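Shared between the two complexes below is subunit A, which pairs with subunit B and subunit C, respectively.
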Partner chain A sequence: MNMTTALARLLIFPGILFAVPAAWFFLWVERKAVALMQGRIGPPFMQPFYDFVKLLGKDTPPRSGIAGGLMRAWPLIAVSTAAGAVGLLPVLPASGGFQGDLILLLALLEVPSICIIAAGFSSRSLFGEIGSAREAVLSVSYNVVFLLAIVSVAASQHTFRLEALAQMPPSPLLWLGILAILICLPAKLHLNPFSLPNAEQEIYSGPMVEFAGPELAMWELSHGLEWVAATGLVATLIAPHITLWWAAAIVFVALSFGIVLLLSAIAAATARLAIDTTVRFYWQCTLIFAVLAVSSALFMRLRS
Partner chain B sequence: MNILTMLWKNLWGGSRTLRFPLRPKVTQRYRGLVQFDPELCTGCAICKFRCTSRAITYQAGKGEFTWSYDPGQCTFCGRCVEGCKAHALSQESACPPIYLHSGELKKTYTVARRAPAPKTAPAVPKAAATPASPKLAETPATGGTQ
Partner chain C sequence: MKLWNRLMCYCRRRSPWIFHLNSGSCNGCDIEIVAGLTPRYDAEQLGVRLEGSPRHADILCVTGPITKNAVRAIKTVYGQVCGPKAVVAIGSCPATTNVFIDSRTLDGPLNKHIPVDVFVPGCPPRPDAIIQGIAKAAEILAERGKQQPAAAKAEPVAIEVQP
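Right after this comes the complex of A and B.
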């Protein structure tokens, strides 16, 4: 992948130029879908964009010292890494990529979560610290399944290149991996029933409680970009291999949209679980998926 | 699975939220705006003392009294209606109307004080002792001096 292709992917498609409006669109789809399923009207189409602009125009409380600097830095790091993760997705055919870009994508997907944990502790708020502790515990729980599922799919193909995985023919192992990733996505995106770190009524949105104005706008944007990156990862794994670039882009958007609707339905149908129940769920139940995926990957590798 | 059926019905059944200016239906015992009947009021001012939100004000004058009610401050608790022995107060069974300016719904009544009943023998009928109808004057809202 040369420099021009890399910049085009990062800045245009599926990077920032596409990802930022897509982030607002997915945030709107999630809110609207949940509202319709709960018998409410829901927000208008432009609401996430209006929220972003409104927050940008507000003042931020003056903060000094290292904690203040960190609180300004965490949301920016989260936005840039989430945008970078979207830029790595192999949406278009023959889009390049490099050996090991899957590992970079997984690392970039994890950074916003680490930023949230750090932000909650930097804010020195009791609610922020509780939210950060919950996010840390949740992250450790679901990442075992998430990473094992992706790595086992990659190991079966003898590659850590995203483009090779995107062109992988459908197999039971691939579907098992996708199912395991889908189970982890509600926790990664802080959706019900795993919306513990940002519980609004219990801990006032946890790590976000002390953030306001442009900093909060950046957190909202990074959350939207996480939506695009996480659903996009699943969409690239599901999508069939298409040579036409515009058809590939349409299929990618349609599949991502479908995954957003699926996750919204799960969020609307469930209530928030307690932290111990959540951890037990991931460690006891979904670990089965990961073990199955790893064993299948080993079997496929030995057979080939 | 019940929850999925419910979500499916909600998705296609439309929202339950009413858009302005539609209003929700009210129940039979709905506590709406307080209605004042100056014909029945004795000017005891119990309603004013029972009103914790200070929506009702009462000013005693010479030979008359002024009774005011500001729905903007009312919590519709109904304690004034409960305490009115003369049944001069009641509550509407309808949602309060939408208003755009502060004190728009405020109402003020100036009521002539009734002459006290003469302390005569019990044989005298009570209706004969009271005047036929008190002098009434309803003043429109002025924007609310509390």
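Right after this comes the complex of A and C.
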């Protein structure tokens, strides 16, 4: 991958120029789907954009010292890493890539949640600290299944290149991996039934409680970009291999939209679980997917 | 720059996030605020979102007749809402202290302590009146921009209750 394609992927498609409107669109789809399932009409189409611009124009409370600087830095780090993760997705055919970009993508996907944990603790609010602790526990729980599922799919193909995974023919192992990733996505995106870190009613939106104005706007944007990156990862794994670039882009957007609808429907249909139930769910019930994925990957490697 | 300001005004009007503050209310107005967000009235169509933290909110919705205990909390929470901000007094209690007038436990009405932009009278007011009040406050918010009125100098707007 040369410099021009890398920049084009980061800045144009599937990077910032595509990802930011897509982030707002997915945030709207989530709110609208929940509203429709509850029998409401829901927010207008441009609502996430209005919220973003309004938050940019609000004041922030005066903060000084290292903690104040950190509180301004965390949302920016979260947004830039989430945008970088979207830029790495192998959406277009023959768009290049490099050996090991899967590892970079997984690392970049993990940084926003680390930023949320750090932000909650540096806000020094009691609710922020509770939210951060919940986010940390949640991240330790779902990441076992999430990482093992992706790594075993990659190991069966003897590669850590995203493009090779995107072109991989459908196999039971791939579908098992996709199912395991889909189970982890509600926790990764803080949706019901695993919306523990940002529980509005119990802990006043958790780690975000002290953030206001442009900082909160950046958090909203990073949340939207996480939506694009996480659903895009599943969409590239599901998508069949298409050589036409525009058809590949359309299939990618349509699949991402479908996954957003699925996750929103699950979020609207469920209530928030307690933290111990969530941890037990991920460590006891879904670990079977990880074990199955790893063992079948080992089996496929031995056979080949 | 002018275009940006116009866009900002429009977005402020379309995205009022509210924070609900109870200052000794009987819970009547509180459940009517929540009723405004239910499927029957669906305030989210106007972009209204009930926020858990005053830091995120634009509009402070105060219910209750302002007990002496609540005064400090009201001032603190008003200070925590980041500007530009607006205040909606919901129900007759924060406007006039209602039937509790002359009680020794009260220190009302609300505009003695913080500037109030919109009064929504009623005991309790109907959810549509509350939503109308929030929409009015959002318009005031959009026009006001960054200038905050000094306490007690704000000229409040009353919402007419439709029969």
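One rule holds for everything that comes next: the second predicted complex is superposed on the first by the 304 of 304 C-alpha atoms of A that agree within 3 Å, B and C clash if a C-alpha of one lies under 4 Å from a C-alpha of the other, contacts with A are read in each partner's own complex, and residues count from 1 in each chain.
Here is the rule we go by: a contact is a pair of C-beta atoms (placed from the backbone, for glycine too) under 8 Å apart; a residue touches a chain by one contact, two chains touch by 3 or more.
Since the model is a prediction, treat every value here as computed from it, not as a measurement.
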| item | value |
| --- | --- |
| Partner chain(s) touched by A:Lys54 [first = subunit B, second = subunit C, both, neither] | second |
| If touched residues of subunit A are counted for subunit B and for subunit C, the larger one | C |
| First, second, both or neither for A:Pro62, with subunit B first and subunit C second | neither |
| First (subunit B), second (subunit C), both or neither touched by A:Ile41 | both |
| Which of subunit B and subunit C A:Ala269 touches, first, second, both or neither | first |
| Contacts of A:Gly213 with subunit B and subunit C, given as first, second, both or neither | second |
| Partner chain in contact with A:Arg31 - subunit B first, subunit C second, else both or neither | second |
| Subunit A positions touched by subunit B in one structure and by subunit C in the second | 35, 38-42 |
| Subunit A residues touching subunit C - in the complex, by the definition given at the top | 31, 35, 38-44, 46-47, 49-51, 53-54, 56-61, 127, 200-201, 203-205, 208-213, 216 |
| Subunit B to subunit A touching residues, read off their complex | 3-4, 7, 10-11, 13, 15-17, 19 |
| Residue numbers on subunit C that touch subunit A, as the complex places them | 7-8, 10-12, 14-15, 17, 39, 42, 44-45, 47, 50-53, 55-56, 58, 80, 82-84, 146 |
| Interface residues, subunit A side, partner subunit B - complex | 35-42, 265, 268-269 |
